[in-house]
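Dropping the structures in below, format is C-alpha cells.
In what comes next, chain A is part of two complexes: it sits with chain B in the first one and with chain C in the second one.
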Partner chain A sequence: MNATALLSAAKDGILTGAVYALMATGLTLIFGVMDIINLAQGTFVVLAAYLSYALQVHWHIDLFVGLLITTPAMFIIGVVIERVFIARLKGPDRTGMSILVTYAVWLLIEGTLDLVFSSNDVQLQGWYVPKSFTVGAIHFGYIYVAGFILAALLLGALYFMLYRTRFGVSVRASLADQTSAALVGIDVKRVSTITFGLGAAVTAAGGMIYGATNAFNASSSYDLISRLLTIIVLGGMGSLGGALLAGILMVFVGDIVGVIWSPVWSTTAYFVVLVLVLLWRPQGLFGKTQARVA
Partner chain B sequence: MTLVKKNLGWVVFFAALALFPLVVTNPFYTSIGVYSLLFMAAATSWNMFSGYSGYIALGSAVFFGVGAYTEALLSIHWHVPANGDLFWLVPLGGVIATLFAVPIGWISLRVRRHTFVVITIAVFFIFQLSAINFSFTGGSSGLALPFITWTATDFNNPFYYAGLILVIFITLVSAFVRRSRFGLQLLAIRDDEDRAMGLGVKVTAIKITGFTMSAFAIGCAGAIYAMFQGQIYPQFVFDPTFDVSVALMVFLGGIGTLAGPLLGGLVLESAQQYLTATYSNNSLYLLLFGALFLIVIMFMPQGVVPFVRDKFTKRGELERAAVAANDVSSPSGMTSGTPTEVTA
Partner chain C sequence: MSEALVTFKGVVAGYGGGDVLKGVDFAVQPGGVTCIVGPNGSGKSTLLKTASGLVRPRLGEILFKGQNLVGMTPRDILKLGIVQVPQNHSLFREMTVEQNVELGAFLERDRRVVAERLARIREMFPIVADRAQDKAGSLSGGQQRLVEFARCLMLEPELVILDEPSMGLDPKTLKVMFGTIRMMRDAGRTILLVEQNARQALKMAERGVVLENGQVRLTGSGLEVLHNPEIGALYLGGSLEEARHPQS
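So, the complex of A and B:
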C-alpha cells in the first residue's frame, strides 16, 4: 500500500462515484416523490447505453453529441412508462406493486435489448475513451474526467431546478408530504410523471459514461440496480445529498479495499460498510425517521 | 365451492400431486415437477411472512443458497453415502438457514417497510459475493455433491416426494399460523403497524420471529435443489431472479392467501422450466414473462385466487357486501372499495 495508490483510489471514488450518484439520484427522486421503487432504473441505464451505441454505430454520432438525442428519448420513455403503468397503481400496497411492475418493465426492456443487440458484450468507443493524462503520479482517463464533469453539471442543474424554481418547490413539497402538497394546489400527478421522466432522463448521461468505461450487455442491469439500490439505502431513501455522498463512498471504499487487500473483496467490503451504517442508522446517512411506520 | 367442500379440494389437490409421477413417468416432466414443488414450498414460506405482514422481502435466495451450501458442504465433509441418507441433511439445511435469518432479520427489520425491501436485496448480494469469494464454498466453480447412482427411469421420484412432503408441511404450518394469535398479530402489523403496537403487539419481536420462520422451508428447498442438481454454483443458488420470482409467484396467485402461492409457484415455475427447455432463446422468454406479469398486475392486482373468489363465490359476495357496508378492507388489502388512507 502506498500513498499514490490511495490517492488514485480516492480519485476513482470521486470521478466514478459521481456518475453512480447521478444515476442513483434519479432513483431516490422517484422514490421520494412517488413512493415508487423503480427496479427498472438499472435497465434504463443499459438501455441508454445501447441508444448511444446505436447512434454511434449507425449514424456515427459522437457519444457526447448523442446525449442531446438520448436524454430527451429517455425522458419520454420514462414519462410513457409512468403514464401507462405506474400511474394506474392505487391503494395501500402501491409501493409493493411498483416493485413488480417495474420488474416486469425491466424484463421487457432486457428481453428486447437481448433480442436486438444479442448477449455479446459491447463497449462504447470514441477517440477520447482510451486516452488519459497524468498529474503527479496519478492517471486521469479523459472519459472518467468528462463523466465526472457531466455528472456534476447535471446534478447541479437538477439541484438548481429543485431549489430555485417553482417546479422544484412542487417536487420538494410532494417529497415531504403528498397529501399536503395536493391540498395546497400542487398537481401531484403531473409532478410524479415529470419526476419519473427526469429520473429516467439522467440515466442517458449515466448510461453513456457507464457504457464507455465498462463492457456491457443486456444483463448488466442486475449489477447496476444492486449498486444503485444500495446507494440510496446508504444515503437515506429520498435524500439527494445522501445519494451523492453514498455514490462516492461506494466506489471509494471498494477501491481502497482493492488496493490494501484484494480487488476480490472490494464489493463485499462496501456491502459490509452498508450493513454497519444501517446498524448505527437504520434510516441511512441522511434519511429522516418517520413518526408513523407506514 | 362451499366451505365444507374446501378441505376436500385440498385433499384432491395434494392427491393429484402425489399421483403425478406415477402417471407421468417421463423424466422431462417429473423434473419440471420437482422444480415446481420446490418453488411452491418457497413461495408458501415467503408468503407466511411477507404476505401476512406486508413486509416484502426480496432476499429469500439467501436462505435458498444457505440451504444448498449446507447440504453440499455437510454431505462432502461428513462423507454421507450417496443414497437416501442425503435426505436427512435437508432439515439441517433449513435449520442453518433459519439461524442465518436471525441476524438478518434483526438488522433489516428496524426500518420502515420500503427500506426493508432494499436492505434485503443488499444482504442478498453480500451472500452471493461471499459464496463466490470464499474458498470453502468452492468459489465460482461451486461444489459437487456425492454422485447419486439411481436408475435413470425413476431418478426424479425421491426428490419429487421430498419436495411434496415439504410443500404439505409448509402449507400446514402456514395455515396454522394464519389461524393463530401470532398470525393475527402479523396481519395486524400489515394493516396498521402503529395501531398494532398501540394495542400491545410486540411488533419487532413478531416480525423477526415471522421472518426467521419463513427461512426454514426455503432452506430445505435449497438443500433438495442442491442434491437434485448434484453440483451447485454460487450464481445459481444465490440467484437474484429467485428473489423476485418467489415474490411474483405469490403476487400472481394472491398475496396473503393459502392457495395463491401454491398456484403461482406451480404455474410460473412449470411454465418457466418448460419454456427454457423448449426455447433456448432467453430473450423470448424474458419478453413473455414480462408481458404476463404486466397483464396480471394491471388487471388482477390482488392475484388470481382472490380475483376468482371475489368474482364467483359466496364468500366473495359476503366480502363485497362487507366492503359496501364501509367495513375494513378485505384480507388481500387491494380489493377494498373504500380507498385506504396512505400514510406517507
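So, the complex of A and C:
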C-alpha cells in the first residue's frame, strides 16, 4: 500500500465522513434530548435529496441555492412529524415505541416517494458535480469539497447554537436531564419539537450532497440508516464530536480496507472496528457512562 | 391564622399503576418550614411533585394564593414563584457551578437582574464563588446540594419545595444543610420539606404533617408532631420515651 492511497483514503474519510456526521448529528441530538430513536432519519435524507431533485428538474434551481428552500422545508416536516407522531408517545416505553412509530413514518415517506418518483435511480446534477482538481497525486471532487465545507459550516453553526445561545442552554440541559431542565423553567416539549425539526433540517444539506455523489431511490434509506445508527453508536449517543469522529472513521476504515484488501470487506471492517470499540467502551467513543436520571 | 399560601384540597394522584395520593387535604401557611413526614410509600415525594407540576393530580385542587396549580406546567408554576429541589441530584454535571446557578434564573431575561442576584447568591453561598468555574459533576454530594439550594434562590421564590435534601449526606454536611434551610426561612422563604431525617427536620419546622397511605393523618406544630407518642414510635424510629424527650 502506498502513501498516495493512504492519503486518498484519509481525504475521503474527512470529506465524506463529515457529511455523514452532519446527517448523524440530527439523529444523535434527537436521541439525546428526546430519548427517541428516529429510524426515519435515513428516509429524511432521501426525502431531502428528492426535494433538491424536484427543485432542479422542475424549476431549474441550483442544488446549493435550493438548500434555502429545502432546509426550512425539512425543518417544518420534522416539526409536523414530531407534533403528530412523536409528542404523543409517553411513559416508560417511549423509547421502544419510538422505534416502531418512526419506522412507520419511514415506510410512509418511502412509499410516497416510490409512488411519486418511481423506483428508478436518479442522481442530482450540476456543472460542478463531475469536476475535480488535483493536489499532488490526490483528486478532490468539487462536490465532495463543497459537501465538507457545508458540513463543517453547519456543524459549526450547531455548535455555536448549542454553546452560545439561550436555546442551546435549553438543549444541553434537556440532553442532561429532562426533569431537572423542566424544574428550572425550560419548556422541554418545545425544545424537543425544535430539536426534532433541526435534526430533520440538517438532512437537507446532507441529502443534497448524498444525492449528488450517489445514485439513489426511495429504498436508499436502508443503507443510510444503518450507517447513521452505527455512527452515533460508535461516537457515543448524544455526542456531536463523537458523531464527527465516527463519521470520518467509518469512511476512512472502509476506504483503507478497500484499497489494501478488497472493497467487498469495507463495510465488514467498519463493523469490526465498531465491535472492538464497544468491547472497550460500551458507551462509544464520547458517550457518557452515567445513565440519565429519568 | 393567616391565609394559607398553598392549600391541597382532596388531591388524588399517582403514576398509572394506581393512586398514591388518596385525597390529601392540608394547608401550608406563609413563612416558616412545613415538614411532611411519613413511612416509605406514603406519597410524600408524589405530593411535592404535584405542587411543582411534575405529576398532575387526577382529582382535587392545589391552590397557591387562590390560583389552582392543577394542569399547569412546571414552567408556569415556576413563574408563580414556586421552586423545587428534587430528591435526586439535579445539577447539570457537565456545566460549571456558575452556569448551573445562572440557570436557576432561566426565566429572568434581564441580564442585569441575573448578575445582581448572582452576586447576592455568591455572598450567601461561598461555594458558588469558590468553585464557580468547576464542573458541577466534580463536587461532592453535599456541595452539589448547596449549589442546588443556591440555584433555587435565583428566582427569588416565595415557596421552596425540598424533597429529602439530606439524602446521602454525612453528619457534618447535614448540619450545614439544615443551617442553610434555616437561612432560607429567615430570608422570608416559605419552605415545604420532605425529610427522611424527620426528627431533626420537625425540631426546626414550624408545622408538621404526617402522611400515611396517601392521606394526611395528623397536622400540628413541628414539636407537636415530634412529641406525639404514636407518631414518634411509628414513623420517627426509636422509642416512645425518646420521642417525648428529644435530645436538643
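Methods note: the second predicted complex is superposed on the first by the 290 of 294 C-alpha atoms of A that agree within 3 Å, B and C clash if a C-alpha of one lies under 4 Å from a C-alpha of the other, contacts with A are read in each partner's own complex, and residues count from 1 in each chain.
The rule we apply is simple: a contact is a pair of C-beta atoms (placed from the backbone, for glycine too) under 8 Å apart; a residue touches a chain by one contact, two chains touch by 3 or more.
Everything quoted here is computed from the prediction, not taken from an experiment.
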Applying the document's definition of touch, where does A:G111 land relative to chain B and chain C: first, second, both, or neither? first
Tell me which partner A:H60 touches in the superposition: chain B (first), chain C (second), both or neither. neither
Check the residue A:R164 against both partner chains and state whether it touches chain B (first), chain C (second), both, or neither. neither
Go through the superposed model and pick first if A:V184 touches only chain B, second if only chain C, both, or neither. second
Counting only touches as set out at the top, which of chain B and chain C does A:R172 meet: first, second, both, neither? second
Tell me which touches more residues of chain A here: chain C or chain B. B
Of the partners chain B and chain C, which touch A:D35 in the superposed model: first, second, both, neither? first
Check chain A for residues that touch chain B in one structure and chain C in the other, and list them. 91, 177, 179, 290, 293
Quick one: in the complex, what on chain A touches chain B? 31, 35, 37, 39, 85, 88-97, 99-101, 103-108, 110-115, 119, 177-179, 218, 222, 226, 229-230, 232-233, 237, 264-265, 267-268, 271-272, 274-275, 278-279, 282-284, 287, 290, 292-294
Could you list, by residue number, the parts of chain B that touch chain A in their complex? 54, 56, 58, 107-108, 110-115, 117-119, 121-123, 125-126, 129-130, 133, 193-194, 197, 240, 244, 247-248, 251, 255, 282-287, 289-291, 293-294, 297-298, 301, 329, 333-334, 336, 339-340, 342-344
Can you name the residues of chain C that touch chain A in the complex? 16, 52-54, 73-75, 78-79, 83-84, 86, 88-95, 99, 103-104, 106-107, 151, 155
Name, in rising order, each residue of chain A that touches chain C in their complex. 91, 169-170, 172-173, 176-177, 179-180, 182-187, 290, 293
